[in-house]
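Per-chain numbering from 1; labels A, B, C and D assigned in written order.
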Amino acid sequence: MSSATGTGVRFCGIELAHPIINASGTFDAIAARRAFGDELDRRFPFSAFVSKTVTVAPREGNPPPRLWELPAGLMNSIGLPNKGLEGYLAHDLPELARLPVPLIVNVMGFTHDEVARLVRAFSSREEVAALELNVSCPNVETGTLIGSDPREVVALLDVVRPLTAKPLIVKLTPNATDVAAVARAAQDAGADAVSLINTLRGMALAPDSAKPWLGGTTGGVSGPAVRAIALAQTHAVCSELGIPVVAMGGVQTGADAAALQAVGATLVAVGTESFRDPLAGERVAAELDDLVVGAEP
Amino acid sequence: MRGGDRVLAPFGARQVPIIAHERHGAYHVLRCADERGPRPRAGQFYMLASARRWGGGASQRPFVPRAFSVLRAPAGTDELHFLLDVVGPGTERLCELQVDDGLSILGPLGIGFRFPRDGREPLLVGGGVGIAPLAIWQDELGSVSALLGFRDAEHARGAALLSGARVATDDGSRGHHGLVTELLQERLVAEDHVEVYACGPPAMLEAVRAMCAATATPAQLALESGMACGYGACFGCVVPTTDGYVRLCVDGPVLDAARLQSALVPGAPQ
Amino acid sequence: MSSATGTGVRFCGIELAHPIINASGTFDAIAARRAFGDELDRRFPFSAFVSKTVTVAPREGNPPPRLWELPAGLMNSIGLPNKGLEGYLAHDLPELARLPVPLIVNVMGFTHDEVARLVRAFSSREEVAALELNVSCPNVETGTLIGSDPREVVALLDVVRPLTAKPLIVKLTPNATDVAAVARAAQDAGADAVSLINTLRGMALAPDSAKPWLGGTTGGVSGPAVRAIALAQTHAVCSELGIPVVAMGGVQTGADAAALQAVGATLVAVGTESFRDPLAGERVAAELDDLVVGAEP
Amino acid sequence: MRGGDRVLAPFGARQVPIIAHERHGAYHVLRCADERGPRPRAGQFYMLASARRWGGGASQRPFVPRAFSVLRAPAGTDELHFLLDVVGPGTERLCELQVDDGLSILGPLGIGFRFPRDGREPLLVGGGVGIAPLAIWQDELGSVSALLGFRDAEHARGAALLSGARVATDDGSRGHHGLVTELLQERLVAEDHVEVYACGPPAMLEAVRAMCAATATPAQLALESGMACGYGACFGCVVPTTDGYVRLCVDGPVLDAARLQSALVPGAPQ
C-alpha cells in the first residue's frame, strides 16, 4: 500500500518529504509561529500540515475545562473552535499557505449542505492540496454519528465527491462497531483515502465531586493509551482497503509509526505527542527513517 | 496584543541540567542552566517535565508537561529559576529532581507583564506560589511594593524571594492576620495612581479584579488554567474574556483585568 | 440506582458485604488457593466471585504469547480457556462453592442452544447466585458480534431469559457504536442487570518484526488506559437504564470506583489491577468505604 | 503435581526494604529483608515492582510486576536475593532501586525443583541470568556440579554466585570457548546417573531438553514466559506441554523436561 521511496512518499498524488504529518487539531501552525517565530517554518516537523476542523459558522468551542490528563493519555473536549469558513479563508489560509509543506484542510458540516459548501469553497483554492472530512459528528436530521454508519458516509460522499477533484480523505471515528465496514463504504463511494483513529469517547469526574470535569461532559481520549486500539483498527481497515490510509493514535516513536505502516498505513500522523514536544513529529520521522534504513540488507 | 512583551522560544523542548534545588518553607525552587535559551520576560512561563521517568506517579500520571512561571532569570547568567508547590503527580516528580538531573523545558512562552500606564506606580499582589512571576518583575522594575498572602508562616517563608514585601497570612502566624486583598484594599483607598500586578489563586485574583474595577485601577493578572501544550496547539487552556475564549498560553498568561468578567477560571489548578 | 447501606449493598436480591467484586477472567480463586492457601478464603477480597467464562465444550485457549503490556494497561488474547460445562460442574463448582461469598458464573455460547444449555445447567445449582452472559462473541450464523447489536441481544435473551429465575447479568462489549442502545435492549428483553466494560479490541506487533505479537492476532485492552472510556460508557448506560449496573474498566482506587458509582453503577468490578496485587479488591473496597464515610456530613 | 515443592505465599503484595544493591559484572543483585514472608524453595519466584513510580519508563511502562527467581534466601536470615539483567523498562526501574527504597513483592510463587530421582547426581546447567535459581538450589543440595554459560567474561562474573562452576563463554573470553551445552554433552557422555537442572535462554533449554531426551537423562527445566499476575489469575503465562497448555506461574516455572515437546516458549523473554 505504501509507495515510500527512501523517506519520500507519494500520497494521493502529493509528493511528501517523509510519511509523518500532524493529526488535525493538535498543531496550530499560526499560534506556533507566534511562539517560535520563523524557526517553525525553517524546521517544520511535518511533511504536510493538516489544519484543525473548519466549520461553516464560526465556533467558540466548549466551555472550559477542556482537558483531563489520563494514565498515558489525554482527554479533550475542545469543541472544534474555529473562525468559520469566511474567517478561515480570510485569516488562516494566507498564513498557512506560507508553510513549506502541502496543506490539508479538515472540514466538518452538520448537514450535507454545509459539507458541500466547505468542499466547494476549498476545491477552488490552489493553496489546498487535499481535504479531510471529519465525520465524527451527528447527522442533525437522523441523530446518528455519521462516521459510525456506512450508509451515512455513502450518502455524504454521494453529495460531496462530485464537487471536487482534490483528494478527499475521510477521517473515521473509532467509536463504531465495524470501522472497516465504514472505511469500505467510504472507498466505494469515492474517497481517495481514509484516516484513523479519531479520539475515543471518554469521561472523567472532577476530583472531590460527582460532576463531570469537562465542560463538554464527555471528551475524546488520545495518546499512548489508545495506541493498541489504533493499531487494531488500522489493521482491520487496511486489510480491506485498496486506497491509502493515514494512521494515527498514540504515536510517540518511529517504532510506533513503523507498526502502523507494517499493517498497511501510507502516512502516519502525530497528535498528542506534539503537546509533549512541538518537535515530536521531526523526531518520529527521523526514528522511522533510521528503522527503515536499518532494516535494509 | 503587544508582541514586544513576548520573547520567542527556541523551537522544541530542550534538556537542561538542574543546578540547584532549594527549599523555601513549603516551596521548592529549582534552578537550571539554560544555555541555549533567551532571557525571558517577566510573566512568561515554561513547560517543564523531568527528562527521565515523567510518569508512573499517582493514576499513572504525569503525562503532559506542566506550566511554570519563571521566578527569576538573573541578569548575566543563563539560569532560570522556578518556584514549585507540590499539589499532584507532576509537581511531585519535578520536586524529586536533584542537581545534575535533566529537566525538559519549552519556553519562554506566552505574554508577560507590560510596564505601567501613564507613569503609574506598580503594586505587586501575590498569593501563595503565585508570587513567582512577581519576583522577576520586581527584579526588572526595581524596588516596588509587594503585598503577599500565604496560608501560614511556613508558606510565608516564600516572601523572602521578593524584597520588602508586606505579608499577610490566613492564620495570622506571620504579618497581617487575614487576606492579602485586605492589604490591597488599604492601598487602593490611600493612593490612586497605581497599576496592580497580581498572581495567585483564582479567588484572590477575582477579589483583586473586583477591587480594581471598583476603583478604576488598572490591573494585570497572571492567570492559570490547565494546559497540555503551552504553545497554542491544543486549544485546551482557554479562559472566557470580553472577546470570547482566549488561549491563555499564547494570549496570556497575563491578561488585563479589564478583559475579564471574572478571574474564576473553570478548572484552573487551585 | 444504588441501594448501598453503609458499605453493604443489595444487588438483584443478593446481599453483598460491599460493592467490589472481581471482573470475570481476572481472578482464579482455585489457583489463588494453591498459591496462597486458606488465607484466600479468610480474607477474600471481593464481595462476590465471578468466574471466568464457561463454554459448553472445553477450550484450550489461544496460543501464546497471550499478553502484551501497554502504556498504563494490558492487552490479552487468552481465548477463554476453560474445562467446559461438564468439567466446570465436576471440578470447579465444588471448589468455588467453598468461597465465603456468593458465586456468579459467567457463560458464553456460540449458538443460542449453547447458551441455553449453560443457563439451564446452572439454573438448577443452588451454589450459583447469578449468571453473567458474555455476549462479546460472534453469532456463528450471522457473523455479527452479538453484544454490538441490540437485535441479537434481544434474540438471545428471548431464548434464555425464560430458562432461569436466577438474576441474569448481560456483559456488554465496548466495541459497539451505541452501547446504551444494546443495554436498553437487554433491559427490555428481561436482563436483571448489565455489566460493562469488557476489553477493547487492540493489537501490537512483535518488537523488531512486522508480525502480530499475540497468538490470537488481536487482543483485548484493559487497565487504567481504558478508565475514561469505561466511565463514559457506564454514564451513557446508567442514564438510560432502570436495572442495576456492574461497572468496570481500569479501576485502581476507591476514587475510581466512586466515580463509576457516581454515574450510576451499583457494583464495581476490579480486573487488571488484581494482577498487580491480588488484594487490590480489598484495598479498593476500603478506600471506597473511607470516601463514602468521609463524605457523610 | 507435588504440593510439597511449593511454599505458600502470604496473600497480597507486601512492601519490603532494599538492603543491598550489588553489581556482579553485567548483572545486579538486589537484596531485600522479607520479615513477613516464609523461606522459599529453590526454583520458586516472586513478582517484583518498585514500591514507588512503577511506570513512566520507555513506552510508559512498566505496568504489571515482573517475575524473578529467587537467587538465594540465606538460612537464618529474612533476606531474599534476586539476580537481575536489565533488558527493558521493568528491569531498568528495579535496578534503579537503592538501599532503603521500597520493593513490592508477591511470593514465593510456583513450584520449584524436586530432589533427584533414584539417587541420581544433580547437575546444574545455567545460561546467563538463568543461573539465579541454580544458586539457591546449590545452597540446598550442597556442592554439586554446575555448568554455566555466558556471553562474555563480563557476564561470566555472575558465575561467582555459584561455587565451583565450570564456565563457558560465547566469545571465549573466559573458560570454555563455546556453548555450555557442549560442556553438558561431555558430561552426559561420561556419566549416566545424573539429573539435570537447567535454567537459561529458550534456545539453551531446548538444547538441554533434546540432549537429555536423547540420553534418557531426567531433567527439570525452569522456564520463563511473559507473566502479568504470577498466581494463576490471568491465564497469560501458558506454555504448551504434553498435557496441553499449563500456566507456568502455578504449574511451573520448573517443569519436567519430559512434559515438553520443545522448550522454545513463544514470546518468552529472551
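The rule we apply is simple: contacts are C-beta pairs under 8 Å (C-beta built on N, C-alpha and C of every residue); 3 or more make two chains touch, one makes a residue touch a chain.
None of the values given here were measured: they were computed from a predicted structure.
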**Complete:** In contact with chain A as well as chain B, sorted by label, we have C, D
**Prompt:** Shared touching chains for chain B and chain C?
**Reply:** A, D
**Fill in**
Two candidates, C-D and A-D; the one with more touching C-beta pairs is C-D
**Message:** Need the CA-centroid distance for the pair chain B / chain D, whole Å please.
**Reply:** 53
**Message:** Can you compute the centre-to-centre distance for chain A and chain C, using the mean CA position of each chain? Integer Å is fine.
**Reply:** 34
**Asked** Centre to centre, by mean C-alpha position, how many angstrom separate chain A and chain D?
**Response** 47
**Prompt:** Of all residues in chain D, which are in touch with two or more distinct other chains?
**Reply:** 55, 59-60, 63
**Message:** Two or more other chains touching the same residue: where does that happen in chain C?
**Reply:** 70-73, 223-224
**Request:** Select the category (line, ring, star, complete, other) that matches the graph of chains linked by touching.
**Result:** complete
**Item:** Residue numbers on chain C that touch chain D, as the complex places them
**Value:** 25-28, 30-32, 34-37, 39-40, 43, 52, 60-61, 63-67, 69-74, 76, 78, 81, 206, 213, 215, 223-224, 272, 274-279, 282
**Message:** Which stretch or stretches of chain A touch chain D in the complex?
**Reply:** 72, 224, 252-253
**Request:** Note which residues of chain D are touching chain A in the complex, please.
**Result:** 59-60
**Item:** Partner chain B, residues of chain D touching it in the complex
**Value:** 53-57, 60, 63, 93
**Touching residues (chain side chain A, partner chain C) in the complex** = 68, 70-73, 75, 145, 148-149, 175-178, 200-205, 207, 210, 218-219, 221, 223-229, 231-233, 235, 250, 255, 259, 262-263
